[in-house]
Each structure stands twice: as C-alpha cells, then as structure tokens.
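Input: one structure, supplied below.
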Amino acid sequence: MARVLLFGPLSDLAGWRERTFAPAPATLSQLKAMIARADRALGAAIDAPGVRAAVDRELVAGDIGLADGAEVAFLPPMSGG
Amino acid sequence: MIRLTELPFDPGAELTRFCAGRTASGAIASFVGLARDAGGGATALELEAWPGFTEARIGAIAEAARVRFALHDLVIVHRTGAVAPGEAIVLVLTAAAHRREAFEACDHLMDYLKSRAPFWKKEHGPAGPRWVEPTARDLTDAARWD
Amino acid sequence: MIRLTELPFDPGAELTRFCAGRTASGAIASFVGLARDAGGGATALELEAWPGFTEARIGAIAEAARVRFALHDLVIVHRTGAVAPGEAIVLVLTAAAHRREAFEACDHLMDYLKSRAPFWKKEHGPAGPRWVEPTARDLTDAARWD
Amino acid sequence: MARVLLFGPLSDLAGWRERTFAPAPATLSQLKAMIARADRALGAAIDAPGVRAAVDRELVAGDIGLADGAEVAFLPPMSGG
C-alpha cells in the first residue's frame, strides 16, 4: 500500500488529509491513476501545474518507483509569510 | 534558529534577545509580516504546515542564506494555525558585519518563505475563506535570487 | 517619529510598540546598528549631533521617504554621546502595505543616515579615538537612491 | 559679528566649538578669511572638499552675504548610524 498526504486546497477538495491506497502502486504515476479512478477531480488537481510531490519526505520531479508502504505527499503551490 | 508556533509571539521580544550581548555584528535587519484585517472577522488567516518537513525545508533555505550572505546569526519564527488580525505571521532576523548583507539576507529569506517554504494559507475575507497562492510579484521577487 | 537619545534604548521594545494594534500594514522592516567592540575599551564610539538641526534634517529625509515609499509609519531612534560596545546606535522601523516598500524604505533611510544626516562619529580603537568619515561604499549606497 | 560653530574633527582641530568673530564679515568668504588669519590650519580645514557650511541653520552652497549676528556652522563629512 501507499500512504497519501494532501495539503492546503487539495485536502479541502478531497475531504480528507491522509489515506492509504492498496494494493501497493509500483510507481508514482500508478498511484496518481489510482487516485484519479477514486476521485476524478482530485486526480486532475494533483496533476495540475505547480503541484509538487514528495516521496518519503523528499521532493521528486517526474515519475519515480514507490516501495511498498511509501508515504506520498501532494503539495500545492506554497505560500508562507 | 527556526521555530514554528501555533501561539502568538512578540517580535520585539525576539529582537531584544537577538541583540543581547552582540558585540561582533554591526548590523541587524528584521522583517515582521503582520496579518492584515481583511474584513473576515476574528481570524485573518489560517496557516497549514507539514510538521517536520516544513522546518527541514526552511532550515535548508536558512543554511544556504547563512553561507551566501556571510551571516553571523539568524532567526525565523513562523505562525501556524489561526492568526488574528494584527498578529505577527512571520519574523526574520539576520545579523551580519555590515548592513548590506543583513538587509539582503532578510529580503531573500522573506522572498523564499513567501513562495518556496511549505506553507498553505487560507485568507478570511468578507466573502469567506479562500486559499492564497503566491502572487506574480512573489514569484518574480524570489527569482531575483536564482 | 524621530528621536535622538543620549541613553541606551531597547530596539525590541520599540518594535513591540510599533507593531501593537497595527491591522492595516502587512509589512514591518527594521534595521538596528550595533556598536561593535573595536578594542578601544568601554566606549565603542562617540556620536556628535547638532541639536535641533540634526532632527530637522532627519525629519526632511524621513518625510521624503514616507512619500516615496508610501509608508504607513516610520520610527528613527539615534544615539548621541558615548556608546558602549553592543549597544544600539540606530534603529529604523518602517511600516507599509507590502514588504518591498518596507524593505526599500528602511534600506534607503539607513543609507541616508550613514552619509547625509548631521552626525559626526569618533571610533575608539586600540590606537585611540579617530573620526570616521563615510566609506566609499556608504557613498555609493546612498547614491543608488538619487 | 558672526557666531561660528564647529563640529566633529573641526572642533578638535580648533580647540573650540563656538566663537564669535568681529567686526561682522559681509560675506561667508570674508568670514573664512578671518578664520584663516586667526588659525591657518582651521582655515584650510573649513575649505576642504566635503565640508559644508550652514548659515542660520540652512545649508548653503558657494558664497553668500551674512547679516550682522549670523550663525555660521561648518560641517565636516557626516557619518551617522
């Protein structure tokens, strides 16, 4: 399985902050496809420009393999201060 | 020193502490971001962070700035959760030998906090809460340092 | 608000006062100049002003900056007389709607105070006291705003 | 007469901060000449580049007429902060 974290407007959109997806997706793109099947609007939102992904707390670019039990966070555009 | 806090803090008390006993740094620059009253009631904005990850990312930004601007010291305090109008959202303090480095580091750190630190901000206005993205100016300001 | 003082002051207490109750300004920038220990003993430097004239000149500089940078408010506190190592020599506080204006105004005011405000500064180093003139960098920094 | 004020290194050089010069000089350049006759080093110092003059608390450039009783300050390069 993969543990998914959502932040900011993404968790408002989905109605949840943290959820596990099983069976374990082999790649980030497979996980995104699973999310999109479960919630089409959320699937589009996590693929929007400006949304970053972090796997096991490291920002990643492009697709990447996921270990079983990976923690994947989707980070919409950041705005502090 | 990087600190996230859910509670209000006093930027002046931080500045007093930061200056105390400092006889090698001639220049202390600071910036305080205050929550403006946007007409949305008792909460001006809500700030979401990702505990641990947010501090680590700010730490990396701060360490790069410390080296780049030859800082003697720096402090970043950032609120999370609900912030009332008039409360401090963020404080950046920088200490350097001379004022140019202290100013530029403070300016740079604020630019990066505005658009590159993992916070998500909901503003409460008269029409209700809405998520805020960095403005075009925030993005071009941050790009000045690339 | 422009103030000259012969006594030590606490920049943090000034910042606390400056932020209190402010719900229309999103951005507060500040600069503190501290007296570095130059190895000259209990007095780091002596600052001479021309009472009345100095405040009036700083007032004119401040008023021009207030208009130029659309400041909501500003404070300048400057020591005169003998200043010990580690004590604050000068404090500039600026309040504006956004950070760029607050930062630039603070930077600008410091540049002008360094080379265009009527102060004369004697530094106490290991070789005894000597009068300090603005550095070449002070002059080019100030000229950025002309 | 004219009342003269010196600041910073100028008063250290002269050994005084404030002094009156009589009879009243008609112009700033006449006052400078009187000062130079009394103290040649000070006369050179108040004429150095970077030294400004203020007459009755207004900065002046070049020569200017002086009223009897004028207050004339010589201001070496300023350095605050």
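The first chain written gets the first letter, and so on, giving A, B, C and D; residue counts start at 1 in each chain.
The definition used in the following text is that a residue touches a chain if its C-beta (ideal position, glycine included) is under 8 Å from a C-beta of that chain, and two chains touch if they have at least 3 such contacts.
Quantities reported herein were computed from a predicted structural model and do not represent experimental measurements.
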Report task. Express in whole angstrom the distance between the two chain centres, defined as the mean CA positions of chain B and chain C. Result -> 23
Query raised in the report: How far is the middle of chain A from the middle of chain D, if each middle is the mean of its Cα atoms, in Å?
Result: 75
Report task. Would you mind pulling out the distance in Å between where the CA atoms of chain C average out and where those of chain D do? Result -> 27
Query raised in the report: In whole angstrom, how far does the Cα centroid of chain B sit from the Cα centroid of chain D?
Result: 49
**Report entry** In chain D, residues with contacts to at least two other chains
**Finding:** 81
Query - Per-residue overlap in chain C, given as positions that touch at least 2 other chains - result: 33, 99, 110
Query raised in the report: Considering only which chains touch which, how would you classify the arrangement: line, ring, star, complete or other?
Result: line
Query - Touching pairs among all chains present in the structure - result: A-B, B-C, C-D
Query - Contacting residues of chain A [partner chain B, same complex] - result: 5, 7-9, 12, 50, 54, 57, 73, 75-81
Requested in this report: In the complex, go through chain C and note every residue touching chain B.
Outcome: 10-19, 21-37, 85-86, 88, 99-100, 102-103, 106-107, 110, 137, 141
Report summary line: chain C contacts chain D in the complex at 33, 47-48, 50, 52-53, 56, 78, 89-90, 110, 113-122, 131-134, 138
